[in-house]
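The following pair of complexes shares a single chain, subunit A, combined with subunit B in the former and subunit C in the latter.
Entry: the complex of A and B
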């Protein structure tokens, strides 16, 4: 088999290679054009902006080179920024594992065959649809005007039902407080897992049923089947999901660092906002790098 | 004959791994409970849409509605009909934009992801790294540079201003590459041996086998574009998407809370529909079937 293949390939080796390269570029071209125009160029421009003071004049942008001023101001004078970043990183280390395990479990359940499976799957994706839509603004503004709640969408329920029920049961208020924050955090995390569930599902859907049949014929139980069949296939996807979770947590608009960057941007401090974004980007890169170093190697991609 | 074999396949699929009845019941119950949690945001959106005005201001706020009313929808229709640009126009803009962008993007992204995952050429690594970089960099900050580019292209205040940038999204390409990485090379090889060109291999062999991820890409892209507001890129009112109309309703203050909830509930329906349709088109694909290692 291998001999045959080699014989076939040898004479036309260069052309095949060249052909493959050519096709690669042609297939890539439309998307790359967009990427260059709407990401790569803006990316370098905004890195450039971070060294400048930018004001909007009548004729367009007025830029003035200020060197590292923006960065110095952010790191030494604005005390909040560094603290916000460290807090976000700390938060990630608790939330990411929970999201990962939760979405894995749910996707395993959703991959079973049962009636109304599509409905169940949609149910788990709904928080994503709701959270990214304008509805959440409406709901939040509604909650905001009623009382001074934190920006969490989960806060609605913290007040709404859970507290109601527990107060009816006459439980100590500090216990109620503790439980409601815990519950609202669970809500928050489960709602953030919609995409991750979907990612795991699309991986699970590609495991042939025959594998499981063989396993059951061989006398494996569900537990063994999971560790011997499902888990090896899912392992590379765990990395994908982790990467996605990190990026999603760091760049979601409810992230405090993101909020302050966007505020600076809206205040028309473009140079300063660009500098903060550049620093924040490096931080995310570093976190991802560490995660990849620790976990990336252990996963066997060859299967 | 055909139905018979189908039935047999179905029956065979049903008994996956031996599982006892109690386990099934427990798992089902667990799924139901968590599912109920997950449905809460939607439930809240539905409930808010039917809440009479005075119930929005109750303290402590209540989750459930006491006297459901359809006033909000009536008010919403009134506001929309009094708008300078007819409601249908906003809707049309958004539908064209989201459908167009989703279709074009999925095609472009699959085309791009295939060579990035399965071919070797100079610059491949650089592009792969750029994709991850783009995922991490905040879009809001590049927006000013993006505006400058769109202005240079004379696309400000046209559909293109929203359409073209949406095509450069990296998430879909990223997901597709990750998925293709585990796609068996043997299938592609066999296609080559049978004399299929690259395009035919992609369309006939690869795409049908990666339907789950394509469905995911469709959902993401539709979602993203559906919720886009015109922002500073479009100032011609009759070209703005429907999200702008909604934010106009709600920005008019607390008196519009009801109408806003009603409108946002309606706007939730299309993304959910797209999700359901694309998920139900995903049949369990058997990528590895017929391959012997």
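Entry: the complex of A and C
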């Protein structure tokens, strides 16, 4: 009986695997269709559009080849676009590190055992649910730009005095700027770091408790345990969190570059809008590439 | 000696606990500050706005702001319609992303690495870069070439304008390319990969076919991914104002209305701003509350499951 079974097993296994491979595509089919029709094809079409002048006809598009005109206009004649992009990148370089450190700190605290931990966690994930830039925009349009603000509400965001003191102490003005933006944007940043906290926390949960027990038996203190155990595990997540932050910042509806692309689209300058979108994508890709290069190497060292 | 070390540790622990409590409470205040501002602004009358003695607690409660806010957002029907679109497309996304994740995790397909890369790319490439062809795809939707095929015979290709139809949401969701669906596919993939192979083998030996193995054995194991996908997809589709302002050209979608809520609040208030003693700022805050309320209610029900699931599902690279 076993012999019989073994004899049959081989061809049976093969067909099962072949069948199984075929069935894999059945599971993937809807997504592959969507991927090709609504991602890959539009993406390459978009690149093509950026070299064209486009108007809407009755049954389709009327296109006219214009070469690099759209790009030239964007880079040389309309000065805004390049400036907007550089400002967005500058903003990212101040906000991304703060979000990274902040979410790391909060997730480390939330990972500990203490009373009210469940409550604290559900509080810190509220931003994941309600933090849309739409709501943040409304709040900021009132609290920060409208001078009708009265009373003490704004006091927790007033950093002018501290900045003055620091300047008197002759601390480098770029450091002061960094700190004041960090503090004045604090609720903006906390609201943007919900998913990042989640990412760190899920990684922390997977470190076996036994590691720390061994470390404490060996006589390591909490500080050493963090750098020797926790940090190496979290290092790959740092990249993930940074990449997520970058994508989130670059695609949020409060982003000025995004706003200008929408404006161009609404003005029916489709070719021009495609060209700006293409440039924008290249910039994002470049930023992501730099991040990967810089951090990717560091992670290799630690692991 | 031994005792003194212990007490030292205890004191250190206590001090750290106090520090942690202060820090977390402070952070929680910063986190909740916007919500508190929203609530206190939404329930106060206009006269309180310029009264410096009133910071948090208004002189009298008023719910009038909410009435105007609802009007500015397009009424209850707009809220319900948006909710329907978001909920349905979330459910469809869950269905497809789970299937695709399973396909990537449990089958030996040669192209799997390529598909994983593409799934990551759908998240990394912002929709802004390809939204314009996407818009035209839906403006003259020809059912994946079928319409053009018919056109060969009739002379004029059969196209449908989907940009005013909510079917565009459902189409993208059932095909797994809706807002950030790539993340969910990778999430499901990691989840299905962690299911032990013995379980699948046992099902196969018992004679379960592919579909039965998937629905009866695998699906229950992916509960954490389903919960995370449900919550995050609801949040992302609900808050996405870009897609409805470019592709889906209907005005009732709430996220789109929130984009120019100030104008809408002004319009809703109209001439009556003098008569009713209300301000558009308060109405805007009331609108914010109405806007986040459905998600908050959903979160209240799902939060325990969501937090546990999010921690277990292993959303890592």
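Just so we're on the same page, the second predicted complex is superposed on the first by the 208 of 303 C-alpha atoms of A that agree within 3 Å, B and C clash if a C-alpha of one lies under 4 Å from a C-alpha of the other, contacts with A are read in each partner's own complex, and residues count from 1 in each chain.
Definition applied: a residue touches a chain if its C-beta (ideal position, glycine included) is under 8 Å from a C-beta of that chain, and two chains touch if they have at least 3 such contacts.
Just so you know, these numbers come straight off a predicted model, no measurement behind them.
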Let me test your reading of the model: by the given contact rule, A:265 touches which partner, first (subunit B), second (subunit C), both or neither? both
Touching A:81, do we find subunit B (first), subunit C (second), both, or neither? neither
What is the contact status of A:51 with respect to subunit B (first) and subunit C (second): first, second, both, or neither? neither
Looking at the overlay, what does A:27 touch: subunit B (first), subunit C (second), both, or neither? both
Output check: A:213 vs subunit B and subunit C. Expected answer is one of first, second, both, neither. What do you get? first
With the two structures laid over each other on chain A, which partner does A:221 touch: subunit B (first), subunit C (second), both, or neither? first
Using the superposition on chain A described above, determine whether A:113 touches subunit B (first), subunit C (second), both, or neither. first
For A:41, is the partner it touches subunit B (first), subunit C (second), both, or none of the two (neither)? both
So subunit A touches subunit B in one structure and subunit C in the other; where do those two contact lists coincide? 17, 20-21, 23-25, 27-28, 30-32, 34-35, 37-43, 45-46, 49, 61, 106, 109, 112, 114, 118, 120-130, 132-136, 138-139, 141-143, 146, 153, 156, 187, 190-191, 198-199, 201-203, 205-206, 236-237, 240, 243, 247, 250-251, 258, 261-262, 265, 270, 273-274, 277, 280-281, 284, 288
For subunit B, which residues count as touching subunit A in their complex? 12-19, 23, 27-28, 30-31, 34-35, 37-42, 44-45, 48, 56-63, 108-109, 111-112, 114-116, 119-122, 124, 127, 130, 132-138, 140-146, 148-149, 153, 164-165, 167-168, 170, 173, 175, 178-179, 181-182, 198, 202, 209, 212-213, 215-216, 219-220, 223-224, 226-227, 243, 246-247, 250, 254, 257, 260-261, 264-265, 267-268, 271-272, 275-276, 279-280, 282, 284-289
Please output the residues of subunit A touching subunit B within their complex, sorted ascending. 17, 19-21, 23-25, 27-28, 30-32, 34-35, 37-43, 45-46, 49, 61, 106, 109-110, 112-114, 118-139, 141-143, 145-147, 153, 156-157, 159-161, 163-164, 187, 190-191, 194-195, 198-199, 201-203, 205-206, 208-210, 212-213, 215-216, 220-222, 225, 233, 236-237, 240, 243, 247, 250-251, 258, 261-262, 265, 270, 273-274, 277, 280-281, 284-285, 288, 301
For a test of understanding, state which residues of subunit A touch subunit C in their complex under the given definition. 16-17, 20-21, 23-28, 30-35, 37-43, 45-46, 49, 56, 59-61, 106, 109, 112, 114, 118, 120-130, 132-136, 138-139, 141-143, 146, 148, 150-153, 156, 186-187, 190-191, 198-199, 201-203, 205-206, 236-237, 239-240, 243, 247, 250-251, 253, 258, 261-262, 265, 270, 273-274, 277-278, 280-281, 284, 288
Could you please specify the touching residues of subunit C with respect to subunit A in the complex? 17, 20-21, 23-24, 27-28, 30-35, 37-38, 41, 49-52, 54-56, 96-97, 99-100, 102-104, 106-109, 115, 118, 121-134, 136-137, 139-140, 144, 156-157, 159, 172, 174-177, 185, 204, 210, 214, 231-232, 235, 238-239, 241-242, 245-246, 255, 258-259, 261-262, 281, 284-285, 287-288, 291-292, 295-296, 298-299, 303-304, 306-307, 310-317
